[in-house]
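Some structures are shown below for you to check.
Shared between the two complexes below is subunit A, which has subunit B as its partner in the first and subunit C in the second.
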Partner chain A sequence: MNQVKVTICVGTACYVLGGAELLGMVDEMTAKFGGKVICEGSPCLGFCKLSRNSKAPFALVNDKLLEAATPESLLKAVEEALSEVQNG
Partner chain B sequence: MKPHFIEIGSYQLPKAGQNAAGDVFMSRKIQETDRIISVLSDGLGSGIKAGVLATLTGTLATGCIAANMSINKTAKLIMRSLPVCSERKISYATFTIVDVDKGQDVRIIEYDNPPYLLIRQGCEVEPVKTEIQVAKGKKIGSHPKPAILRGSSFKPQLGDRILFFSDGVSQAGMGTKVLPIGWGYNGVKDYALNLVRQNPDISARELAHAVVIRAAYHDLGIPKDDITCGVVYFREARRLLIVSGPPIHPEDDQELASKFKSFPGKKIICGGTTANIIARELKKTIRVSLKVRDLTIPPPAFMESADLITEGIVTLGKVVEYLEQDAKIEQLPENSATMILKHLLDSDIIEFLVGTKINEAHQDPTMPVELEIRRNVIKRLKVLLEENLLKQVSVQFI
Partner chain C sequence: MAKENNAVRLKRRLISEVTNLALTGKLADEIDSVPYSMTNENWEIIQCCIHHDRANLRLRLMSLLGYSTEGMLDVDKPLRAYAQEALAGKKPDAFPLSLMSAACNGCTKSRYIVTNACQGCLARPCKVNCPKGAVSIINNQSHIDPELCVNCGLCEKSCPFHAIIKIPVPCEEVCPVGAIQKGEDGIAKIDESKCILCGKCLSACPFGAPAEKSEIVQVLSALTHGKKLIALVAPAAMVQFPFPPGKFIAALEHFGFSKVMEVAEAADRVAEAEAREFAERLHDNKKVLATSCCPSWVRAAGGMDLEQILSDTPSPMLVAAKTAKAQDPDAFTVFIGPCLAKRWEAHRASQNSQLVDAVLTSEEVGAMLMAAGIQVNEENEEDLAKAGNASAYGRGFAMTQGVTAAVKHALSPSAVEVNSCIVSGITKDTASQLKKVQESDKPLLIEVMACDGGCINGPCQLTNPKVAGAFLERYKAAAKKTAGPMLAANSAANERKACASSSAENHHTTASKSA
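Coming up: the complex of A and B.
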């Protein structure tokens, strides 16, 4: 399985703090990576409640947690994950 | 519990070239005496003047019956009160008044509109009609002939529909090659019966809409008269449950889930944490749809045994906004808030189950206090639904 799974949190905290922009990336990533990247939305992942210091919006790239995710950081994480699955 | 829920729907197209209709359809619900009155009145001619006559008739009819005057007396009063048309020296507005008392007694009085159609189990039923003669109020020149009103009454049964319309419907197409003498009462009847047989759950509004659109089609798309149709539909109430917010005590999670599961009607969860709790208790999986992507509103999600899942506060706030603007659902963008709105419009009895646990995430000083917002949004929603849409709404905090 050399696919990368991206889970974007669409809970209230994440959504209002920038998650909407991450969702805007779904089409772009699908166009760029085709079937190699699978995008999913998720209700509150629960991270926003863990500690005061963690920062929404959250996203998961495979099992790696991305805090204060931006379209750029998400794209970077996806590219890294892709090269990992391809090389290893 | 009332035997039936009464849904009233209407649709209207004004005569081509007139921007005001001369037909009026009006309904009023009187909570205290549990009465619903619907009036369809067609003023002489078309345009503003006709509209005024018809509005006067409608307002008198609903007002008098609301004040507990009998339907016969009301009709007489209307006949006496209508002003006289200065051009034609006659006072004139036709009417059909439908009075539903406690959901169990229907009385209808008709004056010069096409007869109403009672549809029961997909067939036409013809109640006995008695003639009532009423002297016309204003005497211009020679004594006018008394007006003949037709009264009828019956006990409604579950599934009954009363369809009534202005002559713009029955005379549609008149003079065309296909329908030289117009669509006619029988034409309307066959069309409506067919629709009901094909779609036994068709709503009052959909049926009225379909009849009017068909009439306009017979008029080749250019209505030659005001085309108006009203439908009173006796059906089972449609219930909707909206759960928003986790319960204060986690011990209640299971109860919440089982209440949700066993609710007899449509079910919506507004709020991710709440959705997660119910999904966990019912052992179901939530799937967020990434297809509906209006970026101002978090996307909807779906789960077995729920009709819709949405985010909480942002989405409910948007629903309130739409209701406040009296927005037309057809013109709204596709998003979770519109989906909730559609469910609200389609339901009669709406129950909110509101969890009052404070969401830890939102206690960040940069974020407003969620609990308060949730309560206020739902309070506002309740008022809007009750007052603007005449829905029956209850709110329970858990």
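Coming up: the complex of A and C.
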């Protein structure tokens, strides 16, 4: 298993607070990493309710939770996960 | 375009807070505490200190209540008092944008500077090319004398190392009509008579200083008072969520709208009316017609002295609202779109009759659904036919070239051969470009969209226009009505006769000039 799985929350809170922009990254990541990264949208992950939305949008890179994710932070987390996968 | 940033997130969170309070009847009582409750968890100071930030949050809340936030304001009047007025239905004034002077950073005047990349080369094109002698060499590096520099930019263009850069003032830089400018005090000001409400400064200012005067509270108050709310949803607003429009419609109903109408159906009729109008103009030997559905362009046309070429056909929003009010005069009509200028258009039209009671942006609706905890994807998909029966042409109004395609389609039975000129995004050059083409001696349809790409790239959209564009194609493909807009057979025949003379000589050319 050396793929990285990216889950982008497309629940309303996440989508409105920046998830829409993360979703726009999917094509870019597919082009960049090919089959090594699998992206999927997910219904509300439930985290928004814990933080009064202040930390949305959420995304998961494998099991790592990203808060207030931005296209940049998501890309960075994916690259880190990929290098971890490759190094062992 | 990186729309999603902290300024945008903050605005949406505030919309959501206000919605929550209004829906639970606590708006007046609790709104004054929002600047405090927002800043107690993980708050990163934005301006000098938390007090300044709270003062600005208070101003942002004022603009959400529909008030101007320009200049020195009555700091003693509690938000509670403003909220009570808004809840009682007080509408914002006609100009829907204001500049929060207190949030404006007072960015330094736009200027050119020399960076460390300067190599102090032998050629010194910067010095040679400067028409004002403002560049000198100090310690083997170029230096620009700000007193002499006129910001022409020749030095920047001539440097082979790209060592000279322009530090812009973001709002001034994007404004296509020079309506936003720094005053004596360094704080930006909007000249309302010049501003076309394209909203470019809303996205460009990293301090979120330009703010819309919102109507969310008026809508929420109508809802909680049991009024029958009808949502008139622009085609661009139908495709903001990554789910089928039928789910978005269901989400709006879940929120409390009694009925959802797709404005695209009215757009079909607008295309027919503009086609008819065009044929009539040709009959009168006037060759040029410009579309009038983009309210920013309508404002711009005034400033460019081009009003005479504008179509008289009302916009799809007004046509849809008229239908809604005819069906139910007591209904409270709410237009939803990614546009700032529609609020002005609705206000202007209300001088004749109250057709559109309020305008919400896609961004506001998104944040309101978030506040209500409505998950769009979990809704049962409504049948689109319930909202209307638009053709793919009407739905195509949301994107550049869509209106042209629809009007041309409607004109197709008459033998008029129409050239088109498409302006996708008003820029500083649009006025001169249009002045040239309006002299056309061949039938020319001019489509102008203030936003580059059309409404899906509106300043108050939720989603990236590329993504929305793909969703729009699906929405168009789902159209049940296969016949596009058409001039009625009869009138088309008449019109064909009527414009036979003018069309004959132009029959051979179909050129498309694109901007």
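Here, the second predicted complex is superposed on the first by the 85 of 88 C-alpha atoms of A that agree within 3 Å, B and C clash if a C-alpha of one lies under 4 Å from a C-alpha of the other, contacts with A are read in each partner's own complex, and residues count from 1 in each chain.
Assume a residue touches a chain if its C-beta (ideal position, glycine included) is under 8 Å from a C-beta of that chain, and two chains touch if they have at least 3 such contacts.
Treat the numbers as computed from the prediction; the structure is a model and nothing was measured.
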| item | value |
| --- | --- |
| First (subunit B), second (subunit C), both or neither touched by A:L82 | neither |
| Which of subunit B and subunit C A:L65 touches, first, second, both or neither | neither |
| Partner chain in contact with A:C39 - subunit B first, subunit C second, else both or neither | first |
| Overlap of subunit C and subunit B interfaces on subunit A (superposed complexes) | 10-13, 15-16, 20-21, 23-24, 41, 43-44, 52 |
| In the complex with subunit A, residue positions of subunit B that touch it | 271-273, 275-276, 286, 288-290, 293, 295-296, 298-299, 301, 309, 311-314, 359-362, 364, 367, 370 |
| Subunit C to subunit A touching residues, read off their complex | 2-4, 8-9, 12-13, 16, 41-42, 240-242, 363, 366-367, 369-370, 373-378, 462-464, 466-467 |
| Touching residues (chain side subunit A, partner subunit C) in the complex | 10-13, 15-18, 20-21, 23-24, 41, 43-44, 51-55, 70-71 |
| Residue numbers on subunit A that touch subunit B, as the complex places them | 10-13, 15-16, 19-21, 23-24, 26, 39-44, 46, 48-49, 52, 56 |
